[in-house]
């Protein structure tokens, strides 16, 4: 793309796998807490100095589950279930497609997915209006 | 003084001041020594004083078997201490930069380990000084002062690197200041031996060389 | 920043109303709260607390004063071309005075400031960028004939909290660099009786300010700060500790020139003068230019721009361990003095010794006996 | 001419301090290793015998007189003065507790010549009036009579007469133009006359001309031991004058350690000019004769024997290989002591200790080092090349009930000498 690409970047993965190990054991304890006490947990990945190799390693370790929720709200968001039920990757991007939040959430379903009662209520109103419109036509 | 100011002061004016005192002091000591003169030896030389002097400057770095057998720990500890200091001073990259040398340097983990070993060796030296009857008898306040000012840069350097107790910037400032304390006091404590040992070994080696005896 | 001059009636609007007006959904709002909570490193669940508090938050009055500065801080904070989620808060706040951004000018602008201060006395947030000249009565920087100093004193008196944006406001910055011709000082040198938060950096990261305002609106106080008045969440770690090149430092692998093998391999920039070890900021994790990179990632050593006195800390391109000042000259001078005093001491020693040698009487056998 | 005084003592020490001494004190790190080399410490366990501690008064004077820092410290009252108390306290460390063996000087990691400094500090102690009475007496006899043991010329003449009667070998006194001038030590004249006979036989065999000077037959130099250079000079001058008067080529220093140091190394410096003749130790001469084929030996000592290196001859004199070459020619069961050669342990009586009655106890304590060395070796005979060592060893062995004869190497060589009828 540009001359910058010619600069060789070596990804060093030894040494930092230590970091991945400690993240994983943190996830274990969060999941334990969720199972025993029902308290949801979060782990912010963005503030950790993870190298690209570390991220890959972590993703590999957690794997992919069955559910992926994609959301378009002021930029794209993705809630990806890992191979371990109750453990989610939550990635929020802004409208520039920059990652603003990248975290692991330990919960049945990330709260942001649920609609608000007030929104459901207003949806009901809007839907009725819509149906009326059709009927009237 | 705010820590960054302290660091700037330590890296700048304080360092220059300390270095100036070090250079001044060491030169003064050198002049004080040399000025006392030495009568030329009129006896017929059996061998060369020059080569004897030069040889002894190096040969004295090795211990005599007979004394080593009596005090192996003290002597080994001396080696560990001196080699340790040498390695951490001259083979740590930031120090190499400071000294403007062209050395490869060692990895931080190696320096880290050597630092710990050197600190332990200093404590071993302290214990020996405190508990050996001979060392008790001949030790002075100056010995403990020299011990302390040698220890401080090692401890502060180690703590700065590992972010122990204080913020890195602050600890780095203290580390540099502790080195400056060492520089300031070195010419006025037994630490002058860092240079004067060459003279001492030379003088004795010269004498021994002329007589054709081992030294 | 769309509306710089609002009338007072709009001040009662809540954040949720504001979002609705702008077509932002509840999920969008939660997403914003998550990002703020993550940025501030708040504990789990804080996003919900924030969402609740912000929903009901009233539009705050914000007064922005610019003193001896370069406008780089404003540039940094308003850098986005299109509104982003981070900018939600800027859109919401009532920025009643910012003389770079406001439409109003001259007396009209000053009146707006006076009015805002009066209306929200004790409640408004005061943001300052730039240092304050104090020499010669502060004449080196004035706005509408008033010195920065008096303007700050007046504005600070009615502020709920003050945020010093940029290294100049936080620590004096480049105007304070030796010999500091204008007698520039930091905000905290003037404002002593209000909570002041420093967001240093030249320029600072925009998100830090956004999150700080969000925090202020949520908890009615500024975030946790370190002893230099910086929010811990962003300035708690040094660049060095969070640097992806740290591993090279530990291995002793350093670039020694900007174009050498080490530089190409992305080795540590310590020896090229990187001040990362003594610099506290979030550059290494938050990055710059829409998250593209940060200086070290682009191959340039950290200058330490968010630290006090970085401007007087010697060469940007000399390693932290390299002493500053004319060391060679110092050594030469000290050596000259050492030689001078040494020669004097030597002369003294020689005369002292020759006195002892010459004054020495020849010993005879009789002299050996004490009772002679 | 003035009475001894503390001030005089300090001034004398001041005059002794030179650049080497200053460099030694500047370099000392108080590591204490010198103690481990000193038999007075190792055998007594008393840390006051740590060699560097023995010269502490000199260090104080150096610091206070010759360093800016010391002067500053003195002004602030931070230095310890050197006073009567100091001299009193250190006298026994400087004389009784040091044989000037020089082991400390060889082991010091920074290269300090500590025994050299003890030699120097004695100048001040003697001048201050703090020298052992026995050494004062010996020095007085050496200067006034010509020998520390009071041996006079008639005694030498008597020995020469005995020699002639016993062996028919005639020694001419004061023979001008002789190649060698032989020196003797008092002890050899009084206690070990075998030495003289051995020399006579060897010289005859080697075909060398030699003589004894009637004005300078005594090799020992009490001035060196007590530490009075002026008197040491008087004593050594006799030898120099006689040797140059007789025009000999070589002066042979006898089997005596400190005599060799006095004549060979200190002498020219005491008189302030190089000699016009050479000085050799008898072992060097014997080694030369053997190498040159001038003398030959026959037969082998079969008893198990070892060689005690006299400090002044080996460690401080550089004569280490010569005695071994000689011994290996005449002994089939020669074994080395531990630390033999340049690191050998002192007999405990050097440096004036054996002449100092007061030091008897510490000397016998220090002798334990030699005792344990010998115990480990189990030899039948002990060979050495210093009359003072020999006497000290004999006394020490007797004290410890050990029955090992001590023999001079020169005599032993003479015993095995192949004596061919001279052609003349």
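Letters are used for the chains, namely A, B, C and D, taken in the order the chains are written, and counting of residues starts over at 1 for each.
Convention: a contact is a pair of C-beta atoms (placed from the backbone, for glycine too) under 8 Å apart; a residue touches a chain by one contact, two chains touch by 3 or more.
Here the structure is a predicted model, which means the values were calculated and not measured.
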{"item": "Contact-graph distance - origin subunit A, target subunit C", "value": "1"}
{"item": "Identity of the chain that, by mean CA position, is farthest from subunit A", "value": "D"}
{"item": "Per-chain CA centroid nearest to the all-protein CA mean", "value": "B"}
{"item": "Chain pair bearing the highest count of C-beta contacts", "value": "B-D"}
{"item": "Rounded Å distance between subunit A and subunit D, as computed from the means of their C-alpha atoms", "value": "92"}
{"item": "Chain centre separation (subunit A, subunit B; CA means) in Å", "value": "57"}
{"item": "Cα-centroid distance, subunit B relative to subunit C, in whole angstrom", "value": "40"}
{"item": "Intercentroid distance (Cα basis), subunit D paired with subunit B, Å", "value": "37"}
{"item": "Residue list for subunit C, restricted to those that touch at least two other chains", "value": "241, 250, 341, 345, 349, 353"}
{"item": "Multi-partner residues of subunit B (each touching 2 or more other chains)", "value": "28, 32, 34-37"}
{"item": "Numbers and ranges of subunit D residues touching at least 2 other chains", "value": "17, 66, 68"}
{"item": "Which chain pairs touch, all of them", "value": "A-C, B-C, B-D, C-D"}
{"item": "Of subunit C, residues touching subunit A in the complex", "value": "24-28, 30-32, 34-35, 38, 41, 44-45, 48, 80, 82-86, 241-244, 246-247, 250, 264-266, 284-285, 290-291, 299"}
{"item": "Sites on subunit B touched by subunit D in the complex", "value": "28-29, 32-39, 41-44, 46-47, 56-57, 60-61, 63-67, 70-71, 74-75, 78, 129, 132-140, 143, 146, 188, 190, 192-193, 196-197, 199-205, 207, 211-215"}
{"item": "Residue numbers on subunit D that touch subunit B, as the complex places them", "value": "17-24, 26-33, 35-37, 41-42, 45, 47-48, 50, 52-53, 66-69, 105-113, 116, 264-269, 272-275, 278-279, 314-318, 320, 338-339, 341-343"}
{"item": "Of all residues in subunit C, those that touch subunit D in their complex", "value": "341, 345, 349, 352-353, 356-357, 359-370, 372"}
{"item": "For the subunit A and subunit C complex, residues of the former touching the latter", "value": "7-10, 12, 15-16, 40-42, 44, 46-49, 51, 71, 73-75, 77, 90, 92, 94-96, 98-101, 103, 111-112, 115-116, 118-119"}
